[in-house]
Amino acid sequence: MADKQDFLRMVRTSLGVSERRDIARDDATSFFLSKDEVSQAADDIRADAAERRTELIDEFIHRATEAGWNIHRVANFEDAAEEVTAVVREHGATAVMRSDHDILNSVPLESALKAEGVDLEIAVREPSDDADEDLERRLSLREKSFDSEVGITGVDFAVAETGTVAMEPRAGSSRLVSLTPEVHIGVMTPEAIIPSLDELFALTRDHHLSGEHKGMINLITGPSRTADIEANLIIGVHGPREVHLVIVG
Amino acid sequence: MTQSEQIPRRVLLFVTCTVDQLYPQIGESVVNVLERQGCEVDFPAGQTCCGQPAFNAGFTEDAKAVARRFLDVFAGEDPIVVPSGSCGAMVRNFYLELFHDEPETLAKVRQVAGRLYEFSEFLVDVLHRDDLAAKMSGSATYHQCCHLLRELGIDAQPKSLLASVEGLEMREMEQSEVCCGFGGTFAVKFPEISTAMLNDKLDYAIATGADTLVAGDATCLMHLEGGVRKRGDTLQLKHLAQVLDEATSTDGVAS
Amino acid sequence: MKVRTDEFKARSAETTKNPRRQASLKLVYDGLHKGRIAAAEDTDDWEDQRDRARAIKWHTINNLDYYLDLLDKNVRANGGNVYFANDDAEARDYVLGVAKANNVKTVIKSKSMVSEEIGLNEAFEEAGINPVETDLGEYIIQLAKEAPYHLIAPAIHKTREEISDLIQEVAGGPRQEDPQDLTDTARALLRDEFRKAEMGVSGVNFAVAETGSIAIVTNEGNGRMVTSAPRVHVAIVGMEKLIPSMQDLSTMLRVLIRSATGQRISSYVTVVNGPRKAGEEDGPDEFHLVIVNNGRENLLKDAQLREAMLCLRCGACLNACPVYRKAGGHAYGWVYPGPIGAIVTPVMTGKKVGRDLPFASTLCGACKDACPVKIELPTLLLRLRSDLAEGKADPKEKSSPLLERVSIKAWRFGVQSPMRFALAGRLSSLMMAPLSRGGWVRWLPPPLSGWTKSREFPRIAGKPFRARFRKKQR
């Protein structure tokens, strides 16, 4: 087994430096910004995005459409539920799952889908203090995610530059609901939109430095795709073939 | 000060070893074109080669010896004109690499390289002539030689010169910026790859239906023409200088 | 993986004669290369992004010990494990150990070139564990038992007919040739593996030192599956893949993805911050990061060759390279083909055995233009040529053939004097006379026959330019 210290010594020898040293500041990387600077920048980003909202919505919709998202703009949560139901109906789906993202608790999905005869499954387990039992419950949730035809999630950030949505999985927000079903529907408000990847990673970095980070950040831009067979573009490999974004407000 | 006063009259011709020994007619065309633009061309008789063959093959020490000689032969103040992107790149770019740890030689390199211009670059950027009132009938396609395009960044100059030739129809070929497969000893060490690249290049050129393939480097032309002859194609091969010589000559033929 | 760099000449020559492979390789230019150019043109500050990405990588590599230490600490702080592997065997043994400790029977893998380097699949198989490649291209070449042909399009050399045969063999059923049908079948086959696999193995595009995160770029979604569905996730990373800060990801992703596929961004970018946090609904309980040296120190040691450590493995230099597009990926004989492979492969595995690779380039410069971090690939190739020709790679034996060394000395002697140069020209012209017709030579003896097989050679002019010029002056 390679010892860490031996490995680092090998690297130092290769670089021609003898021992641990302070490194010189280099502004090419954002590494040298202090925690306070990052935090201040995050506040500025939020304020700036709020100010430029209309412009950012247009850019986001343009890029997201280009990337293959089906965009639905609706005025309120009731209409959002209607849009989601219409997609479910169109697919004749019966296995539908949603995450427990905050925004979805405002959307009257259960009743709208119930009217279609669809029981909406919520991707949440009852946590157990018993490790084996907890694992059991998680595995059962995983099975249900794989069996779902439509997955409905919230969105934590939306990036105008690329038409990307980003989600940070956490209690109530599963990783798989946006991945395993053939159809993914994200529900968001315009407040989620930020200008670019620069702001996205400034904000998630701020989370990190404040100790509020999650196990993962998922950036999703359009449907799953491949060009591995004779460079033909094929939509829908391991992830969803069809993706929708419902923008409320 | 008027423009004509800024324009240098005396130029040193670095003709390259390939043109000297294999394509002397290209050298003559360069002289004719420059003279018609009012230049007085001098040929430093001590010149031979810039050292690129050894450098490319990895023989750094041999390349250095030859490069040092080149720097001495071309010492002075007059601008140097070279009808080759590759030899131009050797002096302007690769000498810096070759002598990166010799500050004194490096100063000489910078002095010489700062005065060295590729043929089309000299006409357009120094003499400010991108239209030589040239006339010629026929059609041509232009191959962008690698070092000319990517090492020296010379792209618009030869194209604008060709576009200005009245009566010459320019047709763009597919993959005009892709290497012809020459690469010095590469062509001999890896003949199958080199030939496959050459055949693509010739096929694309012929597909345009143009009667002439124009390029800015004698070494590439040697490779292309060698292929055309072996394949029995009818495509004509010309250096840019030959096209401009022929198109500006009063009797309509390049000497 | 076995090193077969000494077969470059034979394998590349064979590929030039294979019309199927040549058709596949043209797709690389028409699709990926043109896509990259369009993406770059569509990005206003493209050059600034490249410069910044280069500066970030240089800073990291020059302080690699610092950032490796920081990465290690932060992965552990996130609840993950870190293992430093000096060579392929150490890396394999560690990953196998994790698999055995977790009683793993099936491993799902997303694309990792380092995993190819260390021969991980073979090791799994020997241990009775079933490794399943899940990137469609990697899956195809796993079925074909071949090495990747390209850094990001591993099965680009396979025609749909060949893929059809491979898929039918596993799936049974009627033969399919439509890429959509083939993809659907592969999706269904791999779904079962995603459901049952106990462990996922992934590569890493960027490892963020400051947050202990790894970023994985995919389009198919398999990278997400591998990092989310199984109980254990092992990520394998070459020690050069670090960046200092999470904020640096925006620049790095922009240049990487545009250069790789021409997209503004890929369908998925997955940033893993260690194992599942308490309360999360899904995700792995265990996360391991294996940091691999395996010969990279040879690059790091050399102030000039160190530049190759900036490489993001985007494949843009392959797509741009006319030699790669004729020779094909397998000719390069190891994991990394194309111009970057011609540099890192000989240095990582042994310069002498890979001695053809640095010479297999026309130095056309297309790779340098395409590189997102502006690696001076032609200069590095020239440097390796010099090491080989002048015996710096192995002082006991100069690698260039005797004839070449003698020729260079003779050339040097000749060009050191214009008189000798002119005389040599005169003599050569006379010697060539019997072989030439119409000023061109049709046949030359070996090794120059390599030229004359497909090309004539101009006879040296009886009267060189210098003589004509003198006459004109008079």
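Brief remarks follow.
By letter and in written order, the chains are A, B and C; residue numbering begins at 1 in each of them.
Here is the rule we go by: contacts are C-beta pairs under 8 Å (C-beta built on N, C-alpha and C of every residue); 3 or more make two chains touch, one makes a residue touch a chain.
Please read these numbers as outputs of a predicted model, since none were measured by experiment.
Listed here as common contacts of subunit B and subunit C: no chain. The most distant chain from subunit A is B, comparing centres defined as mean Cα coordinates. Subunit A and subunit C, compared by their mean Cα positions, are separated by 31 Å.
One inter-chain figure worth recording: subunit A and subunit B are separated by 54 Å, centre to centre, where each centre is the mean of the chain's CA atoms. The residues of subunit C lying in touch with subunit A in their complex are 24, 27, 30-32, 52, 55-56, 58-60, 62-66, 68-69, 72, 82-86, 90, 94, 134-137, 140, 153-156, 158-160, 163, 179-180, 182-184, 186-187, 190-191, 194-195, 209-211, 213, 219-222, 224-225, 227-229, 231, 239, 243-250, 253-254, 261, 264-277, 279-283, 285, 291, 293, 297, 300-301. Across the interface of their complex, subunit B is touched by residues 9, 12-13, 16-17, 22, 29, 322-323, 326-327, 356, 358-366, 368-369, 379, 382, 384-390, 400, 404-405, 408-409, 411-412, 414-418, 421, 425, 440, 442, 447-448, 450-451, 453-458, 460-461, 463-466, 468-470, 472 of subunit C. If you check the complex, the residues on subunit B that touch subunit C are 15, 17, 19-24, 27-28, 31, 43, 45-49, 51, 53-62, 65-66, 69, 94, 97, 146-147, 150-151, 175, 177-179, 181-198, 222-223, 225-227, 229-230.
If you check the complex, the residues on subunit A that touch subunit C are 1-4, 6-8, 10-15, 17, 20-21, 23, 26, 28-31, 33, 38, 63, 67, 123-125, 127, 135, 138, 141-143, 145-146, 161-164, 169-176, 179, 196-198, 200-202, 204-205, 208, 213-232, 234, 236-240.
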